[in-house]
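Two complexes follow with chain A in common, the first pairing it with chain B and the second with chain C.
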Partner chain A sequence: MQNRMAAAAKKLLHQRRSILNFSQINRSSSTSGFTHHCGHVPLKQFLASYRWDLWRSCLIHMQNMSAVHHRKFGSVASTIVQRNPMFSTINDDDLIYFEKILGMKRVIQDHEELKTANTDWMHKYKGSSKLMLQPENTAELSQILEYCNSRRLAVVPQGGNTGLVGGSVPVYDEIIINTRRMNSIISFDKVSGVLVCEAGCILENLISFLDKEGFIMPLDLGAKGSCQIGGNISTNAGGLRLVRYGSLHGTVLGLEVVLANGSVIEMLGTLRKDNTGYDLKHLFIGSEGSLGIVTKVSILTPPKLSSVNIAFLACQDYISCQKLLFQAKRKLGEILSAFEFLDAQAMNLVLHHLDSVRNPLPSSIYNFYILIETTGSNESNDKEKLEAFLLHAMESGLVSDGALAQDFSQASSFWHIREGIPEALMKAGAVYKYDLSLPVEKMYDLVEDMRIRLGGAANVVGYGHLGDGNLHLNVSAPQYDDAILAQIEPFVYEWTSRHRGSISAEHGLGLMKAEKIYYSKSSETVQLMASIKKLLDPNGIMNPYKVIPSSLVS
Partner chain B sequence: MVAIKRVVDYAVKIRIKSDKSGVETTNVKMSMNPFCEIGLEEALRMKEGGFASEVIAVSMGGGQCVETLRTSLAMGADRAIHVDAPSALYPLTVAKALKALVHLENPGLLILGKQAIDDDCNQTGQMVAGLLNWPQGTFASKVVLDKEKKTATVDREVDGGLETLCLDLPAVITTDLRLNQPRYATLPNIMKAKSKPIKKMSLEELKVEVRSDLEVVQVTAPPVRKAGVILSSVDELVDKLKNEAHVI
Partner chain C sequence: MQNRMAAAAKKLLHQRRSILNFSQINRSSSTSGFTHHCGHVPLKQFLASYRWDLWRSCLIHMQNMSAVHHRKFGSVASTIVQRNPMFSTINDDDLIYFEKILGMKRVIQDHEELKTANTDWMHKYKGSSKLMLQPENTAELSQILEYCNSRRLAVVPQGGNTGLVGGSVPVYDEIIINTRRMNSIISFDKVSGVLVCEAGCILENLISFLDKEGFIMPLDLGAKGSCQIGGNISTNAGGLRLVRYGSLHGTVLGLEVVLANGSVIEMLGTLRKDNTGYDLKHLFIGSEGSLGIVTKVSILTPPKLSSVNIAFLACQDYISCQKLLFQAKRKLGEILSAFEFLDAQAMNLVLHHLDSVRNPLPSSIYNFYILIETTGSNESNDKEKLEAFLLHAMESGLVSDGALAQDFSQASSFWHIREGIPEALMKAGAVYKYDLSLPVEKMYDLVEDMRIRLGGAANVVGYGHLGDGNLHLNVSAPQYDDAILAQIEPFVYEWTSRHRGSISAEHGLGLMKAEKIYYSKSSETVQLMASIKKLLDPNGIMNPYKVIPSSLVS
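== the complex of A and B ==
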């Protein structure tokens, strides 16, 4: 015990010293009583606070040593978040209670499983939770949350853990509540196309189920093999088909959620139109688990149309891409179902790092590639329409070359190129990811400005849902480097803010952008969000430290 | 000359018609048989390599075959022939029709896919070679042409490994999967394809009867696989092998 204390003390001392060396320090209101100071601190004061913290660390369960969470690849400023000392730590009584409710099998303390659950998909964020719970139904979840709320134990709702902003993993020792066992399909109405299912259903499984019935999910994304519908809804996922089917705010008809205090709010309507009172489900769609946990979903699914055509095109400059979008919306109109773009750097990365991918237009290197998909009910009509549109685009010089998929396997190979970019980026080394909504005409300017700014230090790649004005800006470097990060942030957020864009188009704020919300929302708006959070989660146990600035919540 | 067949797209889940007379084809995506596509790609490469002067695509069946032929023109074939016929054509009839076309057009090489993915017959290539009395290299995974000697050296994929044959031209070659990776139909070629000719012929012109010696009696789906059972101990396994499966 003595040795461990000494080790803890040493670590604390080192951390204190390293924090004080930062020139720019967040004025976060820390409830531990220790506030960060700029510059030089009188030794006496330092020692006093150090001794006090040392005393405190004895009380804290030995494993929760680090009182300050320094985000591994974060920007130097403003992302230092302290563990909220109002939260309790798990004790044996808690474990006994959970095992009573869930049985031993679904109360997970195994080291390996926790390691995976504590780390996000990009291996960028790592929490130190010691406990994962897997409820099987809403009743169990409600009991767990009620208990956690009474004990002031922080929780992190987790689905497929495919989020890209660190929103699905603990920051400290929050209990992980994983919904993977709540994965049954409750009902499906073949006439209206309304699907009711539990939040832990994996998106790809829902797609396969609906395929047999002749329907499709209104959203589709690269992570579909792992992501769960509850998570998709909590993050208001966009994906590849938003340009055709709209966002989840439009397609979700009802939700069942469990609040922090365990109360089950059943709003699981299956009606297309229901104007009775405030439509509260919209609060939970996109709130990233900070207001409640989604347990059931009722969603409107579009019929599966037989004629899908897809073309892979090359353009010489960004202006042509924009004009092509304009034309596509007019000429292809109701059958357009996806409009994606990627630049030459993205194409090169994919061709280089992924095995089963080949360039459909190998004859020369183009600056931009566009993927257009149409979905309609009449095969020959649609193909003619698409061909006519493309030939016209080629004749007018908007498109330099292109290929039209002739069967399903060619179509999926085109999609593989676009969907494989995130994977290729991971293989290329370190990647800084940004997901921004910008006016279409300005979108690529940011990529070019960033390229100039970073010079040869990193590879700037731009791709995204051009049809929705959503740019995925990725900076690929051989290693994570704070110097590169300092060049990127806050430049990218300020640039976006100047053009009244969104710093997070579809990925959400999570941990990565929790303190950055002011770049895209006014302070009055954020204050109102904080009030709602306080109302629905007074103890702040639901996914803490994320989405809105911690200072507003404690 | 390349023979092309229009079949149900290989990625589509097949459903049997309720009267068990065949496979559901209405409202189902159809495309070029993958092996035929490989055959066409090989022919195009031969033309690009200077071994062939012209690539002719041929298909037999109802009016929708024209769509598939358009695709072959968009990939780069020079012209196409559509033999209009009732859809249910069996390999022998097709082989006879191909023989007639070969006599008309005199190609130096006839390329087919090794089999169609809808009936898996794997017969047409072999039958045509027999009717024409031409040498045949089936399941080709590599073809090398020699202009002066007028031969084709074909690597065949057989159960035991690879067999290499040298055929005198003219000959029949049927393609296997690993021969090549077909190209995509690019826009400039799609544009050019619009002006390429598709000649329509009938079976009567080719003096081929539609009589068939085969009749499809019934089409059924394979039995559904039973789900596996997870056992909890070796004793249970032994017990099941003994008393349920009766194998020990």
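== the complex of A and C ==
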């Protein structure tokens, strides 16, 4: 019986290869018949640069969209908060003091430079800061904060300013403290893989540095060409490698942080094990610069592995997607590096709006598509493992159809489908975007509930990082419409809260969602956060109006 | 040239196999010639039970030793601290109140039961508590703490009481709050691998539960038969799987915690991504019950993988050990699950004092030995990968000799060498034990410096978790001697501090090292810890005299 099923599955796989015209297939060299020939070019590197290009292109689209549709952009810019009257405004004495510490050049009052620094990259948030300071080291930054605290001058720490929730730009006239000049690599230990660097290092520069040493960063983001490691840590950035290497709470080994009063908290350990007292660095991972400014970072970097494989699969129902994830975690286990999903609506959008995309599985329309990436140390072993997994998945009926990337072009075209969805959504018209974490088994229920709720008024699209339980829920409509928005919110937040999800999976709360924190956190927990904020920053000068509801901390 | 070297390496491996009489070798089925036949018995399970037995035997030895040598047991019991006069003592009204909440049976005043609970398992620390409370749920525990806080009755949270630094027993008359009755598994999600349970669950019970589901706990300890998950988290337990699955800061997804004032902080998320405010659960991971009591836990569990392989290797110098670790991280990468080392002195002790141990590499005496374990999802792939790695290691001269376990018996005998060292040390005489984290490249310098410092007065032994940078430094002498101790301390702490190491890699500070915290943490950091302690526990009732220097918090 088993043999018959295996034979049927092999037949299916063989048919699939014929459909896709995989001319390079060499059955004799492989157990199941799945093969691919990637040669010796660094595939991961190619994909990374590809995504970066796409991100840039999305950015331009989103900027255009936000200029047109700003007012009705979901809940994005709806937060109204008053300037805290306890804060001072900058005077000439302040400028003289800062120039004494930093020199003229790094005390910036230039209108054009400030215009850029006052605005986020989506042009959704705009502050009115009159001053940007660029310290070159921890001592300077400490002096600045000590002074600002004594004068009750509010500050906003700014790295690459690539955030999505208005966390890295001023709300009013906060002084911008930009960390771009603190960008040295301090040390790298090739045995332990521990990198120590300053907070202003651009992520892509760290990736390039490590690449030469045979290592990678444990996180990778579309915005890597601009974002800084200090910002990544302050926002607890997730990114593309989380399913494999985990969150920054696991990989960051140490931090140096400056508190509001200028105290330098040196916790820059390079050890994997250190149980000497409370591990306070975690307070600063994900607190969005509201408790202190990260100045130095110690992080564990994984070795760079040579073998990358990508499969694009079709499933008929969501339960099969879940089961496939379960199987992938067991059978691919240690080599699984991405498990992404998109529904038929997302696939249709991409096929319709992006000329460059073609369907790798064109013989039928399926309800769900899965992209699986593996990364390992041995090409032939990994291929064999992936092929055995896919064979079993087809044999058991979890996968209805599938294709293995045979070369770089196919690999990038598979990623292009998944990564092209935001761009396709932008081209389709107005879009209401939600970035949510939900238990995997409940995740798609929200998409279906939203579909029922909105009826024919809008196209509800679901995709995201299934391996991380991270859903990107998007509602696409011909144009922005308050009636549609009223149907979506607060329903989406209430639904997420009811199912113990997170209303911000990886972007943080910033200004956008500070007042919505109770959808994901209990009042006792938020109260404790506020107490910690008051303890570390009693004057509330650090990135005010963000993260914590203003009523609790002002 | 390369072919010649490969041939030479293969010859070496072949010779080694002959020496070890590996009768089951079947060269034709393997590329390099390394093979092993483990059949279908769960090797990992076997090894786990093996280690547990060993731990029990060590415990008995150590108990005997401590009874004899208690007074001069290094720095272990040297801390002198006065009872905080601000604390109340228990009166009849208190007992009536507790009995009203818990009933008679769970308000324990029985002398024998209290005698056990007042003492740690090594019999190094002994309190004089008159009362042990056993809440069954969070609500009861909350009521207890609220009352104790209002009455200024100090408490000590107690799980399995398997700690090594006096953290889980009273110092004076603190009320013992034992969590053993809060031991339910609340939920397990087979798709995401997220387990939610109460704090009193015994680690081994969780491992057994998950085993049936095809998962494992991300941590494993010798004490798993007694220790509780709440205690594991409160002490940030490291254990045997850290090199593979990372620390609890990465794998714990959520906690429920009760603060000193009885507030229940519900942060029991089950999501891999959640960036909604400060991630306060990390405050309670490793704070040894001094900030609150963990009542519920949500933890990410890895899938159980079927293939386990073990190699025992010899290196001539420490630099080769480091290079081998570097290579293992690259070439074994995703399947590496242990990388342990011992020096010739440790090997000699084991061979001399443990009858059951034989040397797998008897042809010569080497300076260092390495135990490598791999865990993966595919037996033949993993074997092939390990064999290729070993071939390369011999070819490049990093490894002088080596053996691959061919069956359970060999695998357990390899682990027995590494795990038998504490027992051998106990048999050898007096021993001064230090558990340190150090940068890998500096780690063995301390052993050599100590050897020079002590001359012929004692035998200095180094072994430990090289993959984690965790050194177990042991000084073995015929008998305890204040002159030797004075040579070791504070030198060992100063040396560790000078090289930015940790004086407690995984055991915590507890009572034993609370006053030594400055060797590993800056005064600003310790001051911030004390501020957090005062914020969360203003009356200081939670596990007093531990973790933070008493002068800062009383």
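Note that in this section the second predicted complex is superposed on the first by the 385 of 554 C-alpha atoms of A that agree within 3 Å, B and C clash if a C-alpha of one lies under 4 Å from a C-alpha of the other, contacts with A are read in each partner's own complex, and residues count from 1 in each chain.
Here, contacts are C-beta pairs under 8 Å (C-beta built on N, C-alpha and C of every residue); 3 or more make two chains touch, one makes a residue touch a chain.
Note that the coordinates shown come from a computational prediction; the quantities given were computed from them, not determined experimentally.
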Contacts of A:272 with chain B and chain C, given as first, second, both or neither: second
Which superposed partner A:264 touches (first chain B, second chain C, both, neither): second
Touched chain A residues, chain B compared with chain C: C
A:404 touches, of chain B and chain C: first, second, both or neither? first
Chain B versus chain C as contact partner of A:331, first or second or both or neither: second
First (chain B), second (chain C), both or neither touched by A:192: second
Chain A partner contacts - residues on chain C that touch it in the complex: 189-194, 214, 235-236, 238, 242-243, 246-247, 249-251, 263-267, 269-280, 282-283, 285-287, 291, 302-305, 322-323, 325-326, 329-335, 375-378, 381, 384-385, 388, 437-441, 465, 468-470, 500-509, 513, 517, 519-522, 524-526, 528-529, 531-533, 535, 547-548
Chain A-touching residues of chain B, taken from the complex the two chains share: 9-12, 27-29, 31-32, 34, 67, 71, 74, 181, 184-188, 190-191
In the complex, chain A residues that touch chain B: 306-307, 312-313, 358, 360-361, 379-380, 387, 390-391, 394, 399, 401-410, 412
